[in-house]
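Each chain gets a letter, A, B, C and D, in the order it is written, and its residues are counted from 1.
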Amino acid sequence: MVLSAITEFAAQEPKLYAFIIGLIGAAILASVINVAAMAVVWLERKVMGDLQSRYGPNRVGGRWGILQLGADAIKLFTKEDVIPRGADKPVYVWAPIVASATTMLVAGAMPFGAVIIDGKEIPLVVANMDISALYVEAALSLMAISAFMAGWSSNNKYSMLGAFRGIARMIAYEVPMGVCVISVAIMAHSLNLVEIVQAQNIWFAVAQPLGFVIFAIALITDLGRMPFDQTEAEEEIIAGYNTEYSGIRFGLLYFQEYNVMLLGSILLVLLYLGGWNGPVIPVISFISPMIWFFMKVLIVLVALIWVRVSLLRFRIDQVTDLGWKILLPLSMVNLAWAVVVGLYFA
Amino acid sequence: MVLKNLKMTLKRSMSGVEVTRLYPEKIMDLPDAERGVHVLDIRKCIGCGACARICPNDCIELVPYKRGNPLKNKKLRYPQIDYGRCMFCGLCVDDCPTDCLTMSKKFEIAGWNRDDIVYSPEDIAVGMYTDQELAELAEEAKKAEEEKKRKAAEAAKAKKAKAAKAAEEGEKGSGEKAAKKSEGETG
Amino acid sequence: MTTANDVLNALQSAFPGAIEEAKVGPERQLWATIKPDRIVDVCKYLRDNHNFDHYSGAAGVDRIDEGLFEVTEMLASHGAHQVVALLKVKTKRDSPSVKSLTGLYWNANWYEREIWEMLGINFEGHPELYPLLLSDELMGVWPWRKDYKGYPDYTTAERAIEKVNAEGYTEYSIPPTPAEIEAGTVPVERPKYPTFREREEMEIKGESEMILHMGPQHAVVPGPFLLDILVDGERVKKAFLDVGYIHKGIEKIMENRTYVQGIPITDRLCYIAALTNNEAYCGAVERLLGIEAPERAQYIRMILEELSRIQSHLLGTAEFLTLIGSAVFSPFLYMIIDREDVLTCIESVTGARINHSFVRFGGVRNDLPDGFKDMTLDVLKMVRQKTEEYKELFLSDSIYRKRMEGVGVLSPSEARRLGVSGPPLRASDTPYDMRREDPYLLYKDMDFDVITRKEGDSNARVEVRLDEIFESCYIIEQCLDQISSGPIMAESVPKRIKPDPGEAYYRVEDHRGEMGFFVVSDGSDKPVKVKARGPVYAYFQALPPLLEGVYIADVVAIAGSMDACTSEVDR
Amino acid sequence: MGISDVIPLPVAVDKELEKWTIWGRPLTDVWFTTTEKIHEIIDMGPIKNVLNWGRKNSLWFLMQPMGCCGVEMLVFGCPPYDCDRFGIFPRATPRQVDVMIISGYITRKYLPAIKNLWEQIPEPKWVMAIGECAISGGPFYDSYNIINNTGRFFPIDVYVPGCPPRPEKFIEGFRELQEKIKQREDKRGY
């Protein structure tokens, strides 16, 4: 009865229906993404522990410390919220929200794997846009804007330095990253992420090894992880742009970092590692693309964590040097390569 | 390049060597020389206060405590240690003349209040006397006291007798020297 | 080879009448009392003609009975000869004033400032007599004078007055003690160090400049100190250092403890180098007493001090890695893991992990336990292998090399001028090591190299430390081979330590450089004066000139490669 | 104020609702209330237990080495003792921490700075005195420059003696603090 009512409503008011469905989808997405981010934090702490010959959280919630992030979230969200007296209040308040919104924007256009129904592959994506690859890449870099808002409005010297560093770094790396996305698009003949995945009979990581490396480095920079975490270099500028943030606002910024890390690794998998492509697993063929996708993302996440614990931090001028003087020319070489190979295959 | 770093972390992770000391469950083996919380062998302590004098931090104080040996430690005063100030240097242990103060391997002494970490003799002592033993000791002490008194009285008597004898002798013969000697003895 | 006698003869012929009193002490030490008006000339002569280019410190002694202050200037040479000149200058207690040596030796600055603020001796010609260690409210009370009434002070906290300031914060001020007020030693007007706001107004020239605090609480600091850097964007234009946040008054406290009670206090000077601090203090008192530890005790001391050097260098390098990397950088954690094994070795003998209080006058506290040799050899093998790995890692790590090479370069002449010692000096191609220069214990019998590097940058300083770990391992192995059974305490040690009146200066090679103790006795059971000359004090003083013109990220790389320890600076 | 003042309900229903209670408080208190009252109610009920469970298992501390104990604090965070097992880890900025560890000597010159740090930490916050110097001035108790009674300035919840305490003692101290939070016995009463 309810179903029939809904279909009737959908027939009568298609636009409103689409809007409501979109809202519901966004709500589900938001909660899923945030829980996934918590899982990523947990994963990071455990993997980091393993790589450093220690345990990581193992008290709260059994010997795997599964509830550790729950405890952290409860604590962060019930902590006093401090807004410094000299802060630019509206900007300060909005920065974490912009950060969350950014991740939602990215997540909206990003396919999260696919399921096979009746032998047909149905990608799981909220908004299947034609230029989703470019859109996602652009929206990811909006994170730097929220970081800048946070840093600038805090009225703190460390925060400000962190914000400036973030912007300088973002500008230096956005160009090679964009060029890499274009190279991929040339080879796939599409800017749609779903089509890019479907075009990868050979992984683009194999077809464009140079592009893969450049994109991976630029991605780590965009995510602000070691060795490119100059924006929140603890030993130089306390905690960078979020020095003044506390309580729930810090919690949002903190989890958004991991959100973006998750989304970034998904993007890397989609663009270069063949997305959910993989041999069909017999019995559970229905979700076998999901399994491949999940495994690939997990491997990328672990690799990011592995890089984080193994490398030292660059100085900020060395980072921008690397971006402008090495990665940008190389990405141009990669573009040429993509054009040649793409034409050949076409 | 940075490949060696990556290799190093991976190698450590794969080697699976456990280095974490799982403290609340397992306490690591501490050496015999470990300087932890003090242990006071109350049967040996003579209450001389050498530990209190040597302490650079002035954290040892002698306080009355009754479960000790009244024969050895007449005033029944034993060291109380303020762990809020003790720096575990071990000078008190080195200086103890009867070796009754030693340091154990115990180290868990965190407290909720400042007073919790002031350890009275009761907290650090071993070999406390029970009530019965105390009664026996008191009796012994009494006996010893009586014995001492008796001995003292006897000695005094003997001395008197001696003096009298000497006086007699002095009266008899060479007087002054013996008189001086007896004076010196009694004095 | 120059001996103390040669120097003395040369001085006497060059400055007839300027030397009031002189003697040649043990171990090539020259003690002389110089007329106050000639001290600068004498020092200049010694520096120019006799290679006394190392100013190792100054100590102020309050001789209240004679109504005099004595300032002892300690001069030495960077390897040209091994004579230490201890030149005393006396000045009246009512109007104390001495000539400043800052014109001759750059690093005399802090030593003289300290004596000025603690004893009230004026230094004529000193460029900036600002307070160094004390807070403003303690200025002018001269706490190290013998007639200072504020010591002992048990009620500091109770006297504190609470005041809520205009910004809503609670502020505390601690007024002087009643005894201080009675004695009239209440604070007087003194030149104040410029406050932060004043400095901002003074220094900031352009729109893009600002002053950034690093400290007192900051991840870069090994203890609370304030490093203000004037930055233009990411470039440091100037650095200002403010220390004294954890000034504990150790030297004053030791004057009020007996000699034995002083040993645990020396641990807390610099907790990483507790054993060498013990060694320096006990060595000085042993010199006063005229005793020497038996051979076995000396070997035990050497073994433990070298083990301690290994753990200190591992910790120093590890802390440094956290500064240029982050706290999740794994090799940092691996170094701490390796250090734990070394600590276990030390702990099995001394019974403590950090503050050992182990060395005694004329011996050591405990003998080596059973199985110590095997355990130590295993650990040394492990340490060698791991250190080799770390060295290879640093060689191959291009990020590390990019961050470290050519950063914070100290040229040999500059390093000598700034007065640094230990690994930073040796990294600047100056083989200056107390174990060779002024051999104590049995180091003269040991076979080891003094590690030097030519570059003088941050990378070289770390490499020197890592290489010294190998040398320490080698020394320990030799000691373990040669050690024979015997007593661990000298028999001639008196029960109550009461040295004859006199002075002694004893210096050892700390893990961070030259550590010297200057002890003055008046025949009672408490020293008149204990002066600790620490190596980190010199590093800190040399930090601001090194930081000019580098990036903010290099500040931590340079400060970290110095392996600083605030506790020892502030004392 | 009754519910029917806001929502048009029969008075009988309102009366009935006023009888309802939640954790011993009338339901209307929960309905129309100020922040203070919300806190009072949260304090009484099991919600507080959940909050305190979260808080006690996520004690981040301020990275602030001050003396000998600072070195042991470093080791406490490293693999040999691994404080992350308990959900404890260091942060560099006071805004994001829950526990301030006083790990050394507080001097006259440092007191204003450390007091400032303490006030910058958002609530709920706790303070631990680790090491003799932090508790009583330790070896420097009679010095002219040392604050020898830290309890006068900070509501210290746990005293951990030792000079310096072994890293195990840090864990012990944190476990005591967790116990204190769980039993709601801490000085500031969370």
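By our rule, a residue touches a chain if its C-beta (ideal position, glycine included) is under 8 Å from a C-beta of that chain, and two chains touch if they have at least 3 such contacts.
Since we're looking at a predicted model, the values are computed, not measured.
Asker: Check every other chain and keep only those touching both subunit B and subunit D; list them.
Answerer: Joint contacts, listed by label: A, C.
Asker: Name the chain whose C-alpha centroid is most distant from the C-alpha centroid of subunit B.
Answerer: Relative to subunit B, the chain with the farthest C-alpha centre is A.
Asker: What is the distance, in whole Å, between the centres of subunit A and subunit C, each centre taken as the mean of its C-alpha atoms?
Answerer: That pair's centroid distance is 50 Å.
Asker: Distance from the CA centroid of subunit B to that of subunit C, rounded to the nearest Å?
Answerer: 38
Asker: Find the geometric centre of each of subunit A and subunit B from their Cα atoms only, then give the gap between the two centres in Å, rounded to an integer.
Answerer: Centres of subunit A and subunit B (C-alpha means) sit 67 Å apart.
Asker: Express in whole angstrom the distance between the two chain centres, defined as the mean CA positions of subunit A and subunit D.
Answerer: Measuring from centre to centre gives 34 Å for this pair.
Asker: Among the residues of subunit C, which are close enough to touch at least two other chains?
Answerer: In subunit C, the residues touching two or more other chains are 218-219, 264-265, 327, 330, 333-334, 337, 340, 355, 397, 399.
Asker: If you look at subunit D, which of its residues touch at least two other chains?
Answerer: Counting only residues that touch two or more other chains, subunit D contributes 78-80, 82, 85, 92, 139, 141-142, 163, 166.
Asker: On subunit A, where are the residues touching two or more other chains?
Answerer: Correct list: 51-55, 234-235, 238, 309-311.
Asker: Chain adjacency by touch: line, ring, star, complete or other shape?
Answerer: complete
Asker: Can you check the complex and tell me which residues of subunit D touch subunit B?
Answerer: Within the complex, subunit D touches subunit B at residues 79-82, 85, 132, 135-139, 141-142, 151, 156-163, 165-169, 171-173, 175-176, 180, 185.
Asker: In their complex, what parts of subunit B are in touch with subunit C?
Answerer: These residues of subunit B touch subunit C: 1-5, 8-9, 12, 19, 30-35, 54, 56, 87-91, 94, 103.
Asker: Of all residues in subunit D, which touch subunit C in the complex?
Answerer: Contact set of subunit D toward subunit C: 62-68, 70-72, 74-75, 77-80, 90, 92, 94, 104-105, 107-117, 119, 139-150, 152-153, 163-164, 166.
Asker: Going by the contact rule set out above, which residues of subunit D touch subunit A in the complex?
Answerer: My answer: residues 50-51, 53-58, 78-79, 82, 84-87, 91-93, 95-96, 98, 120, 122-124.
Asker: Could you please specify the touching residues of subunit A with respect to subunit D in the complex?
Answerer: It comes out as residues 45, 49, 52-60, 65, 67-68, 70-76, 78-82, 234-235, 238-239, 242-247, 250.
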